[in-house]
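Below, subunit A partners subunit B and then partners subunit C, in two separate complexes.
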Partner chain A sequence: MEGTKPTTSQAADVQREHWRGAVALKLELHPDEVTTVPPPAPLFVLAPRLGYLPQVAQQALEHFGSVLPPGENEIWFEYQGVPLKWHIPTGSLFDLLSEGDGQYPWCLTVHFRSYPRNILQQVTGDSMQASYFNSLKESAYVLTGSSNSVMSLTKKSQQELWQNVLQSQDVEFFANMQKMDLAKPTRSRIPIRVYHREKVFDSFTGWKSIDYLSKSFDIDAEKDELTARHLFRDCLKSHSEEELGKVKLVVAGVELSLDVNVGDMYSHLKNADNWLYLVLKPATS
Partner chain B sequence: MDSPAPPEKVVVLLKATGDAPILKQSKFKVLKSESFVFISEFLRKNLKIDSVFLYLNSSFSPSLDELIGTLHEAYNVDGKLIVNYSTTPAWG
Partner chain C sequence: MEGRREVVVTEEEWPNAAVAFARAWSVLLGKGGGMAGGRGGSALLKSAGRWEVRGSRTLGGEVQYLCLERVAVAVGEDSRGEGIGEGSTGVELWEVEESDDDEEALAGPTTLQPPASRDSGTGVVHLYDFHVVHNPSYQVPEVFFFGRCGRDGRVLNFEEVARDFSLHAPYSQEDLSSVFVPKEHPLLLLPWYGTHLCETPGLLRAMLAPREGGCGLHLEPELRYMVSWWSAIGKHFGLGLPLELVKDSLASQQDVVREKSVTRAERADINP
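Let's look at the complex of A and B:
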């Protein structure tokens, strides 16, 4: 990516791969919710990177449903004791929390009871869709100065776009964005979300030790060469050059140099909600 | 470099939408370091309601762990962060 601009067909390949990406999950039911001996086998499932964890809820319920204690089913996921915020796209969650190149598939504990309401947004009915469109509205505001383009979508258009996201149909998705007039930035600001895990997992203490920043960046104005390094220098004030040497940048599952142009990353690796998700984590992890 | 320290607080304007009760005072100064959840807790306590839906600039809801300072920087209108609140979902 450095120096040379990708050709159109390379760009299309990157987009397709980005949209096809998935994280292999190994789901085990939490022992407190197992009512049978022996406990149920784990479930192996692919979760789309650009989607959200509850997308696998149906499959998980079919697999584990018969052993659950009586009660209402509310699915949530946990990794190393940390409840996973499902409104963060699955790929970015994995990039942020998984430990280096060690464990794959990603082993998560799945729960259907005792939903941690104080930590996680609730998943009810179409809340995944609502969360997606809310995110899309926010990015539209950054890109055009108004969310009207998204708010004026009909129910039918919303459904269509959401189905494209759920089914990872990139070609249809971008055609719909074009058709629905959602693809036209009117200013040179881009929406970026940065998640920064400072600690290796041994000492990780949950969401409190993760810095999160959602920001709009001006990629124009003499900053033709705005790189990730500039961006982090700007937004992570505590970061000296030396400290920046200790982190690695992961975007869409790929480790990238801090000198990659931010505008290029945005064009090719943004998510379906038009946000670019950047993950910073310890270089050793 | 001894540039003056930026103000620690920003102005937040709370606007009722739909049937939501109206506050006696709608303009507040809020610490930049507070999370957005501070606003929702404040409203729930002051209006004595169980749930409240919040929107910025009559459009989107930021995540509750977003910092007020960051939101103000990105979305302020004439220096004010305009938060619409409602007891039922609006602007779906």
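Let's look at the complex of A and C:
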């Protein structure tokens, strides 16, 4: 694919597929929270890639609510014994943590009690929306030198945009972005978030085995073409050429060559918060 | 008309800025905080200890960050309505699990100076850690903080944190609740708290703009930046540096340095 730029309609297709992507989840209620015999059947639900796990809370509660012990409901998810950070977009979380080509469905344990406050930020009323807009503000600052375009949104506009994200309404989302003046980068910097996993993710390794970096890169300033390889080997210097041979790059659920141009990746595969999420994991995983 | 330059500290400038700030803090508060106490600094500032600079290994190499840890904040009765009795100084502190990289830079425990209000014997102490990490998007320092109960290590929730600082800062709990925000610590990847960031670059631009009559502080640029930045942030924790103290102690030191270098330059002119 080197050297061939996608056509406008191909680009639009890629973006649409990216937006409509979802992760199939199989949710099982943790045994400690089951008060009935037999235990409830698991819940199968599709979680939008560009959304966030807690957005399936209502469906999960409808399914499991009747068997829960008394108490307040605070949903959280666990994979391989490790609580999952809910502020990472679902698709990137799945790409990062799952083994193989992606498990279908992704089997998670769901909890409604004993929220692990020491490990996870709490999800209250509008935490998800606040977290999304904080990300959007930060990327706006990187792209234009100011967060004003996001900060000056009315509550109503914010709600609209957030609904577009939750329901994967790509057409409405981009129309709103245009209207709200959020679509015009004035600088040549690309905001990127990298999640890197070297080992299997389980209760021994957990989040300590994950490296995270939030940074921006100037596409014009790089003398060489800004590919992922150049980014890791030459800009960040996080990986040697040899080490790059042992990892794979996954973006939006697809394994991409390290020689794909980062600018193109950004245009077509950026998330709803205007960040490009790159996942690096062992090539053998 | 002068262009409005972004008032930022770049990634390259950050390590020097962090070190300069830590050093200046030591100078100001080194002698048991006595100087600060006499000049309008809070009791909390007196007992807070010193900033250290630590390194943490990330994907992009090593990043430096500032730490001020185990700051003992007296809060009267515990929000659960339980006080503690005397003889409770020997607390077992529950440690937040930190990445291995931090351990190599630990300089040893900071000496705790119990705040005066504990003498009543019924005061509860909450222990706070403050970290300042450089934010690469906004190109400003970003403060993160985390609190736990000194007695049982229990992690403090948002309401408790806002309430604790409202006892020491010139702000109400409601005010602080709109300034503080839950945020993930970018290096530890754990839930801490931070402050709303978007206003900071604009605020700093206003504070650091050259003024008629030159009433600004005469400090090296990075230190001036950090002191200005902390003057906007630190007061929310009752840790604001009194301006008079900064002007007198730091600015005069800088003048001494400047005089010395001027003299050297003059000498160079005479003896090329």
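Structure notes:
The working rule: the second predicted complex is superposed on the first by the 270 of 285 C-alpha atoms of A that agree within 3 Å, B and C clash if a C-alpha of one lies under 4 Å from a C-alpha of the other, contacts with A are read in each partner's own complex, and residues count from 1 in each chain.
We adopt the following convention: a contact is a pair of C-beta atoms (placed from the backbone, for glycine too) under 8 Å apart; a residue touches a chain by one contact, two chains touch by 3 or more.
Nothing here was measured: the structure is a model prediction, and the numbers come from that model.
With subunit A as the common reference for superposition, the partners subunit B and subunit C occupy clashing space. In the superposed pair of complexes, A:Asn164 makes contact with neither subunit B nor subunit C.
When the two complexes are superposed, the chain touching more residues of subunit A, out of subunit B and subunit C, is C.
In the superposition on chain A, contact of A:Met151 is made with both subunit B and subunit C.
In the superposition on chain A, A:Asn176 contacts neither subunit B nor subunit C. Of the two partner chains, neither subunit B nor subunit C is touched by A:Asn261. Contacts of A:Gln15 after superposition on the shared chain: neither subunit B nor subunit C is touched.
Of 75-83, 183-191 or 255-263, the segment of subunit C running into subunit B after the two structures are fitted on chain A is 183-191. Where the contact sets of subunit A with subunit B and with subunit C meet, they give residues 87, 130, 134, 137-138, 141-142, 147, 151, 207, 212-216. Those residues of subunit B that touch subunit A in the shared complex are 57, 59-63, 65-66, 70, 73-75, 91-92.
The touching residues of subunit A, counted against subunit C in their complex, run 85, 87, 117-122, 127, 130, 134, 137-139, 141-142, 145, 147, 151, 191, 194, 196, 207-208, 210-216, 236-238.
On the subunit A side of its complex with subunit B, the touching residues are 87, 130, 133-135, 137-138, 141-142, 146-148, 151, 207, 212-216. On the side of subunit C, the complex with subunit A involves touching residues 6, 58-61, 96-97, 99, 136-138, 155, 157-158, 181-184, 186, 189-191, 197-198.
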